[in-house]
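What follows is one structure encoded as structure tokens, with my remarks underneath.
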């Protein structure tokens, strides 16, 4: 463990945490965390797309009693900033997921605990002080998926977030540097689970074997829906058609996401995905969104384009690696203050006041 | 005070003053002056947007007796170039606001005196030789705002310019460098005024407290309108809807502006704001505009897009830091000559001849 | 011959082979291989255009039994990745065309043998283990073209690919470096053929003399069609009108191509050519396409825009120069796995499922 | 005078001459030649706009007997490449205008002799071997303009080209470097002519005085039309409205031009000007065009967009400075061969076959 996780005084925005994390993290960890799929085009587009959207500013609005509060899936939240699931927090801090969750609780943000977390679920649940969700990767055997759900329920998870967009992946950045988990960091909660058998067949390559044969399908969702009373959220939606299928399949919410540009490269930026998906759903489900949100004005835009709340991915590990739990809480407080400033400058005293009209159209 | 404020012979355009100021100004002052809000996207867009608009050139027009003169709020002006309000001129020159105003008078340009000026209002008024306006930041107590207005009236201000877009702000560039005013430079005219009390409340961050609780609202404008006989101008309009509200509230003019990219980042560039706002107003109020104007052709475009006159912000401090009053006058003469050349090359013998037809449409 | 053609462990994508080939190839060979026509704008556009197209991702699709197989011109192919004709493989490897074809066979890909190959046709055919096509450049004398066709038939070619877009060319990159074939590498299969005589005429420059007087015309195609029973494919189509003429002239397929940006500079990128040409053809002929395909997602896009299969040009020589036959096979396996991943992430279990709907439209 | 004007073997395109000229020319001359008005945006746009237009390639067309010949203003020309007027050729070569004209004659191109030429008209005419036009800048006194016309007629000029877009100008690049003509180079043909008197008036700057008071107006054109029987061409048209006025005023042709980006900055690129102006004229006058043409494909595009012929400006001085008359002839032969190649690759056997259909539209 390093001697100190202190926040330098020139950290005033999320990009400052990213800059400092680049110097602090092991290069192999940096390649894993920052890399996108293939050429990184969706990751870059996520980041640039928000800035290319212009907002209409408003003056002299009545902002007395303004608030960022919202209700989401039965929870009363102080603000619409949630932490997205990220694997292996021990790669960024010796306190791992518990350290991040401590910062999230201080910042009044929902935490997401990954199937690939490096902390045992029960141990995490015993210490967790704020609300948290469990992110599920579908396992080869249904009993293993069920075991994860039961463990998450027992540990106090408030919802199940099914990530369905990463059954196969292509991470050149990781592969080139030869990324391997360091000693002592692993996905402890699925350590003993069976993997899909790989059957070589003539004329078929490994990518279509193994994982795909046991990957979840829409017809499996009824079982999942029946397996828990917790709210079910589908993460990784990048199609209006899938958003409608999610509503029909009984999900309680979706997360519009291209997996931070780590799934299929050249999926559209989240800012492009949102309007068409929101238009298809017509309010049938709450929409969360992640991907490149680094500023309070990005949050206003996501909400104006149809999101109810947003999730923050890489910045939580940037802040964690620099300042531990205090870094995570500080990162959230920066983004929250920026959101409030952006609401004030667009004349919005509540999240409900953030309407599509705020997006500037020439 | 430096030995000499001389204008080098290779200063032939406003960008030359900017280049030289970058070397002359204290880095902390440079960070304060050049920085935009957040990532500086609106500031950069202000600068690039004018150049992306193309003009239709005209040949063999009759330009005898051509003139840049105009009437504005009852004033007869030689040209449509005004100086925008900028705080703390003493940061750029020991003569402060008086030095700049001397150059403005020589260049026949209206000067704007900021609430955050570093010179006492009465002292400034006693020396001022050309027309000037007073820029008002709304104060926590109405009596303080009124005191400022009365002092400005007494000192000879020709109009009151209410800046309403900066109640909360987010200047990462200043924050990272730890900007502080040097010894001897401060906002002398509001030195004794009360600040808004900060009341901490659970679940609400400072941004929504304090300033916002006492920020001006449309319903306060009637009082302001009744408080002075001077023309009232609303600065910082970046919404067609607010432009109409300004007309209804009794303002005599508006300034279309994103505060030089220093208010909410990703507000549209001024060149994008103008057409929609002019279209909404339909001539009900004169429109001024600022933001990124560095060339005479930019001025022609602003007028073609609906402005009556333009305001020049940062370049006045660039020129002031390099050449004092003579620099300011020279900067104005460059821009004025460029405006005349651009009018000649678009076949316009008067400002009224500058019509939307001059904008090239493919 | 170099001591070893080994594939470094950090080669995980086609761009890695390109990077390594840049260091391995003789600079003169590199200028010949990488250069485009004139300013290289079409070559650059080929490469960037695929990445600018966004795909719609799909979740939870049923991908059991997924396959990349297709039928093309009576052949059953394992995947839609073919090798495009490239001249002089001995410039990249001492094994020449035979070495590349060995890798192609291992990768289950059709090979294309160029008129400008540096290996005798009969010698190549005797060793070839997988299917291959013969690429024909029209010769000055019909009997020479016919001799090439007969030799290709005798050697076992499965189709004749007529390249019709390079009768005259403009390769500044080659010309500046003074490209010459090294000792021992030449177009052995046309070594004794007659060239077009150059007749100087007043007021006409060489470009319009010589080659153009004997260049093939649509009216010559009937003879070609009658000269062989092999499938005939027209390569170099960059016009919807020519695609229709090709169907009428009796071609069995076309290759939409701007010759890798080596023919006329500023021909549109292949990704722009495809939709209009597919729309004109309305399925009358199978469409192949080449130009800038470097990722499996590019292949999905080409098929979504109307192609039946794609051809890979420069990357085969990059891989050949680095790893010989194993490099070529590895390059193909990378692209094939990426294709499968992209199909999985867009919910396509077969090539026929790849429809225009996959292209994201805002 | 330098020992040798030799053409290096790696000069294969116009950009190669530009590169070499940058090293050969005096920096002050380089600043004068390469600089555009103000920020150089129109100059840069001229250069980039041609490359952004895509062409439709055609295959297997019948190109026997192809030709680039045309008729223009009663002249039979071998190709549509003319040299634009450029001042002071002695700045690039001790042979001055005569040296360039020698290369033009060798390249079968019409030469343009500038009012600001550094060679006496009579001396030039006595040696000129090919067709040439006289470019006229309107003089302060009509008798001086008439004297120039008479001298040009006597010297053998084939047309009068009135440049009307540069009465006032703004060349920051020249001004910053303090450009002055070297000893022995001057505008010898107007050396004794009267200049417009400058009358200072209160409230009016020099730009609107002097030149503008005596600048030519549409009503002066009748006099000019009556003053010579030579064809009259108006150069500098960047407005569809002015193109129509030119036809009504009796001009025989126009040159669509933004003066190589040296007049009003942010005039549209020539490639953008052409379609609207050609559409307005509907064939009433032949259209010439200059600005950024560096490739044969640019010429095809200009003709497809409505031009009858094109003019080449800066490249003639680049080639002159490198290779003298031989350089100019070589530069023309490069461009001509490129034009022929581009015609072949778009299936055009004559200039008349170059139609708007060749421009690719998605």
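Letters A, B, C and D mark the chains as written, and numbering starts fresh at 1 in each.
As a convention for this text, a residue touches a chain if its C-beta (ideal position, glycine included) is under 8 Å from a C-beta of that chain, and two chains touch if they have at least 3 such contacts.
Note that the coordinates shown come from a computational prediction; the quantities given were computed from them, not determined experimentally.
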According to the touch definition, list the chains common to the neighbour sets of chain B and chain D. none
How short can a chain-to-chain path be from chain A to chain D, counted in steps between touching chains? 2
How many degrees of rotation carry the C-alpha atoms of chain C onto those of chain D, rounded to the nearest 5? 90
For the homomeric pair chain A and chain C, should the interface be classed as same or different, according to whether the shared residue numbers exceed half of all numbers used? different
If you average the CA atoms of chain A and of chain B, how far apart do the two points sit, in angstrom? 42
Starting from the mean Cα coordinates of chain B and chain C, work out the distance between those two points in Å. 59
Residues of chain D whose C-beta touches two or more other chains: none
For each chain, which other chains does it touch, given as pairs? A-B, A-C, B-D, C-D
In the complex of these two chains, what residues of chain A are touching chain B? 9-10, 12-13, 15-16, 50-51, 53-64, 66-69, 78, 108, 295-297, 333, 336-338, 340-342, 344-346, 360, 362
If we count contacts the way the header does, which residues on chain B are in touch with chain A in the complex? 38-39, 41, 164-165, 167-170, 172, 175-178, 203-208, 212-213, 215-221, 234, 236-239, 241-242, 245, 258, 263-268, 272, 275-276
